[in-house]
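Below you'll find a set of structures to go through.
Shared between the two complexes below is subunit A, which has subunit B as its partner in the first and subunit C in the second.
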Partner chain A sequence: MPLLTQHTQDENDQYCLVASLDNVRNFSTILKAIHFQEHATCFTTKNGIKVTVENAKCVQANAFIQAEVFQEFLVREESVIFRINLTVLLDCLSIFGSNPMPGTLTALRMCYQGYGHPLMLFLEEGGVVTICKINTQEPQETLDFDFCTTNVISKIILQSEGLREAFSELDMTSEVLQITISPDKPYFRLSTFGNAGSSHLDYPKDCDLMEAFHCNQTQVNRYKISLLKPSTKALVLSCKVSIRTDTRGFLSLQYMIRNEDGRVCFVDYYCSPDEDIPEPES
Partner chain B sequence: MKCVVMGSNVKVLGKAVHSLSRIGDELYLEPLDDGLSLRTVNSSRSAYACFLFAPLFFQQYQAATPGQDLLRCKILMKSFLSIFRSLVMLEKTVEKCCISLNDRSSCLVVQLHCKYGVRKTHNLSFQDCECLQAVFNPASCPHVLRAPARILGEAVLPFPPALAEVTLGIGRGRRVILRSYQEEEAGAQVPPVPGPTDSTVKAMMTEMSIGEEDFQQLQAPEGIAITFCLKEFRGLLSFAESANLPVSIHFDAPGRPAIFTLEDSLLDGHFVLATLLELDPHSQDLGSSQLHRPVPQLQGHSTPHQDDFANDDIDSYMIAMETTVSSEGLRVLPSVTLTPGPQRHCGPGPHSEEEDNDEAEPGPVPGTPPPKKFRSMFFGSILDPIHSPQGPSPVLAEDSDGEG
Partner chain C sequence: MKFRAKIVDAACLNHFTRVSNMIAKLAKTCTLRISPEKLNFILCDRLVGGGVSMWCELEQENFFSEFQMEGVSAENNAIYLELTSENLSRALKTAQNARTLKIKLTNKHFPCLTVSVELLSMSTSSRIVTHDIPLKVIPRKLWKDFQQPSVPDADVSIYLPVLKTLKSVVEKMKNISNHLVIEANLNGELNLKIETDLVCVTTHFKDLGNPPLASDDASRDRDPAEMAEVHVDIRKLLQFLAGQQVNPTRALCNLVSSRMVHLDLLHEDVCLQYFIPALS
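Right after this comes the complex of A and B.
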């Protein structure tokens, strides 16, 4: 039994949040998928932890780590909210190195006493324990994208493999990424309009990559490429991605990430469309 | 123009683009009747490369739609390269590549048909339209080395990645020597023989020696040595290695361009690299006295100050290029001729003006100094100055009537 999980009930009582896991990478990997801003807000309920990062009031990323991912997960209040420097948190979580030697696992015990207290991290590897205290910050209100399933116009589920290359090759000289989803050809098209010219990437609707394709109405939306590019981090880790757009053109990207234990975690991206209404495709 | 490349040939095409991208920032794409030509030249015009893919390389090849003129275009290397960036991806996922060029859309369309029916369409805007052709003739070079690319590739492998130039020569016992070129620091006093002074001795010198038996052809005297840029050479070798082709190196005295050629039934490649003109033959001496030949005009092989150009007869060492004006009269059409040789790639395009020059004798061609600060790498050209079609500004348009 790892050193860190041997704690008495009394010790636990002073904390409003206690979470332990044998393999810290199951937690840090998911956080890396949303690490495109310095600060993150953590919401904790008995179901698990949701970590939220936002940028430019236009894009929001949420990482969900369910309680089941942890070996021990105690929440004494209905919800525990704090804001934290995500860069520092990730640095602490990888304090024993981000690529551990095979066979060695870093165990984590994470405790939080409540408002005004630091987040305590106890990390243990091979009998060596590191204790980190990270100051927490005043939680800030996060955006509500109001993305309702009922307003969804189109939904695509793709094997991430099919999108990975497309995102890594995005022409970053293009200001926008245009997403066309249509019941007829070209079905699902990603377009960029860069300095060198335009590029279109078309996916047929019935191929092995495409697990689901639902669309009744052609929709063409543009999103700032600089806002979408950070989602590549989650895409690279994921095995499947769900792409949805709603009546307002808001985009939801849901990434399914399988951690080292084989458990599934989800990372969500929401992005608002670019204001300019695109002209019809020629 | 329309052509279709299938399967593994897509990767060959991609590899060629990779090796061209080591040289120039712009890619000249020209569909000719005898194949598709891809060319580039570096900004200082000390390196030129050209690939010609024969019609048989393609599943379908149409140089021009009937009734249309041959089009050629110049595109940014970066944007073309980005299409072929990942060779692993090309190999794994791309099944077919269609390249088409037409007047109406005024863009070069590159379409990749990938696995799972995914289709990538790149519409690249292009500039028309220069015919780029360096003046070179492998047949006029007295010395030839020919070896499998693997032999040469392995020989340059140990050189540090940052090494700029490499010296190739014939040493004692007719062994072929490749040695890291030691560049004197700018402004440093150069002793006649490298001594243990800080300015001339680098931490490490690497020398590879290859036996004569590894070469398919070795026609060069002992003691001859030329120095050229390693980066471009590596680019060529990586292509030749992947295509499993032998490389022929045609060269002359130091300071004259070296011509590297690859040939296959489906494609051929020519790289023309400037070679350094040695100030001090001792410093790169490969163990023979043969190098003690009179050294032409250039006074140093480092030109740290732009002013130095004024003292040198630089015009004699520029790549030979020429300019014509297209029928529209507005476009800039620097085109360059080739002396008669086994590889004449000029198509039936507007070349009438150049025809005379094809008969030219080797000789220097005037040119402008390069736009950038430039090491001492200039092309020795083989055109006679009298026949030089070009004033001292080979890149800028000459106000001529054109060919109509």
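Right after this comes the complex of A and C.
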């Protein structure tokens, strides 16, 4: 990609963030997994980029793209933060098509000069170059779910295929998804209460899909299905998912996604429980 | 007024089906002009539809094994018909793997283009599917509205890049903006630009090549690096690109600064001209 790599040191100096990638899909795929709101906050440190999307102050999704995923990654300040229109960013990243012809890769070089400046994208495929200048916005305070490991009550690691079907076929007429995790039967249960009746899906603790199961105390929580449904996007891309709940009933879903280079990226979902917590069912 | 024609060759039939599919994607209703040598699919969209016009021409002898026609009179030996282009492409869908295709102008209470398809069958009895496509015969006095569009002298002529890449870029740009700037110069460079409050996107194509200039061409004295630009409705361009299923033999883009984009495509022996007016 001669067009994207011929940059003098001077040129790089004016930017506080420079990131280059041989295959733009390693970046865009992860962003697609959290694209359920128009706007996202990008938080960059020398370790990588974290992109955060929130909805209704109840759910937050974070996509982490580590510095190692990029072929070049330069951050001149301790941290660089900006808010951006994610829909536009994704349209720009996939300008040469989401399913490229086999053997062709779209290279990306992303530069940002700092507060008040646009995010610059230079994309190249087969000698065709696209330059995008996306205006950035004032960063907004993101929610702190204060989800710390010491308060975690239960933790399950599942192979994603185990949850994929369940999530894609959730009864959307039900307002909530009820998650039961207990040290005894039914161990891990997903329940919906829709127009056509209730449905329960149980996962035995020792099934092949279950890689880890830790739970000392029965916990039943309800989450708005409309808030959880968007996480299906990350689920379909992922190979493993970790499901955790804490003492307050907050839910953390962590998806492990392997990109086309075989590197692992993570997408986190945090969701607060629905207010009226029901009596545990027998 | 008489018209009947027959296709027996499978390759010709496929080619004709492809042309009719392309027309259906480009124009909802179109005018079919039948003359002794040629068939034309014409779209003359006066301002209502944004002023896009199309002129598609095919030599009848490259497609039809039998072709008989008799126009309105000896001196005006042509027939102009208006039809819904999708009806024709839908009728031809059944003609895949057909033995023969016959097209005939008929009058069944109202004028129709009757398409009969003889399907391949294992037994001796033949199976025939018939479609009657309703149409309007365009009277002689309105013919002047469907003349071949005159091609104004282009400021810049340039070969188009691979249409698949072009389509994908324009598709994504359409998500962001309604207007698109097309600019090109005589150095083989073509740029597509959109600009909104949120974002500016420019795609640069280079080394596309310019066709040789005609000797009396005004653009001879033009600075090769100077860009000619035209603002167009992005949907019109996308509609054109969406209609192109196969890469054409030749694809040329002619820009008349601030006036129009003229796209000139050659698919084997079918020539398609598409005109998108500039936005004011």
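As a convention for this text, the second predicted complex is superposed on the first by the 279 of 282 C-alpha atoms of A that agree within 3 Å, B and C clash if a C-alpha of one lies under 4 Å from a C-alpha of the other, contacts with A are read in each partner's own complex, and residues count from 1 in each chain.
Definition applied: a contact is a pair of C-beta atoms (placed from the backbone, for glycine too) under 8 Å apart; a residue touches a chain by one contact, two chains touch by 3 or more.
Computed from a predicted structure; not experimentally measured.
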Check: Taking the superposition as given, does A:N85 touch the first partner, subunit B, the second, subunit C, both, or neither?
Finding: second
Check: Which partner does A:L209 contact after superposing on A: first (subunit B), second (subunit C), both, neither?
Finding: first
Next item on the list: Using the superposition on chain A described above, determine whether A:P183 touches subunit B (first), subunit C (second), both, or neither.
Entry: neither
Note to self: After the superposition on A, what does A:V129 contact: first (subunit B), second (subunit C), both or neither?
What the structure shows: second
Margin query: For A:I95 in the superposed arrangement: first (subunit B), second (subunit C), both or neither?
Written below: second
Notebook entry, point to check: Touching A:G162 in the superposition: subunit B (first), subunit C (second), both, neither?
Noted result: first
Margin query: Quick one: is A:L201 in contact with subunit B, with subunit C, with both, or with neither? Answer first, second, both or neither.
Written below: first
Check: Taking the two structures together, which residues of subunit A meet both subunit B and subunit C?
Finding: none
Margin query: Quick check: in the complex, which residue numbers of subunit C touch subunit A?
Written below: 161, 164-165, 168-169, 172-173, 175-176, 197-207
Item checked: Of all residues in subunit A, those that touch subunit B in their complex -> 162, 165, 169, 171, 194-204, 207-209
Checklist line | Touching residues on subunit B, where the partner in the complex is subunit A | finding: 75-76, 78-79, 82, 85-86, 89, 93, 107-108, 116-125
Checklist line | Contacting residues of subunit A [partner subunit C, same complex] | finding: 85, 87-88, 91-92, 94-97, 101, 118, 125-135
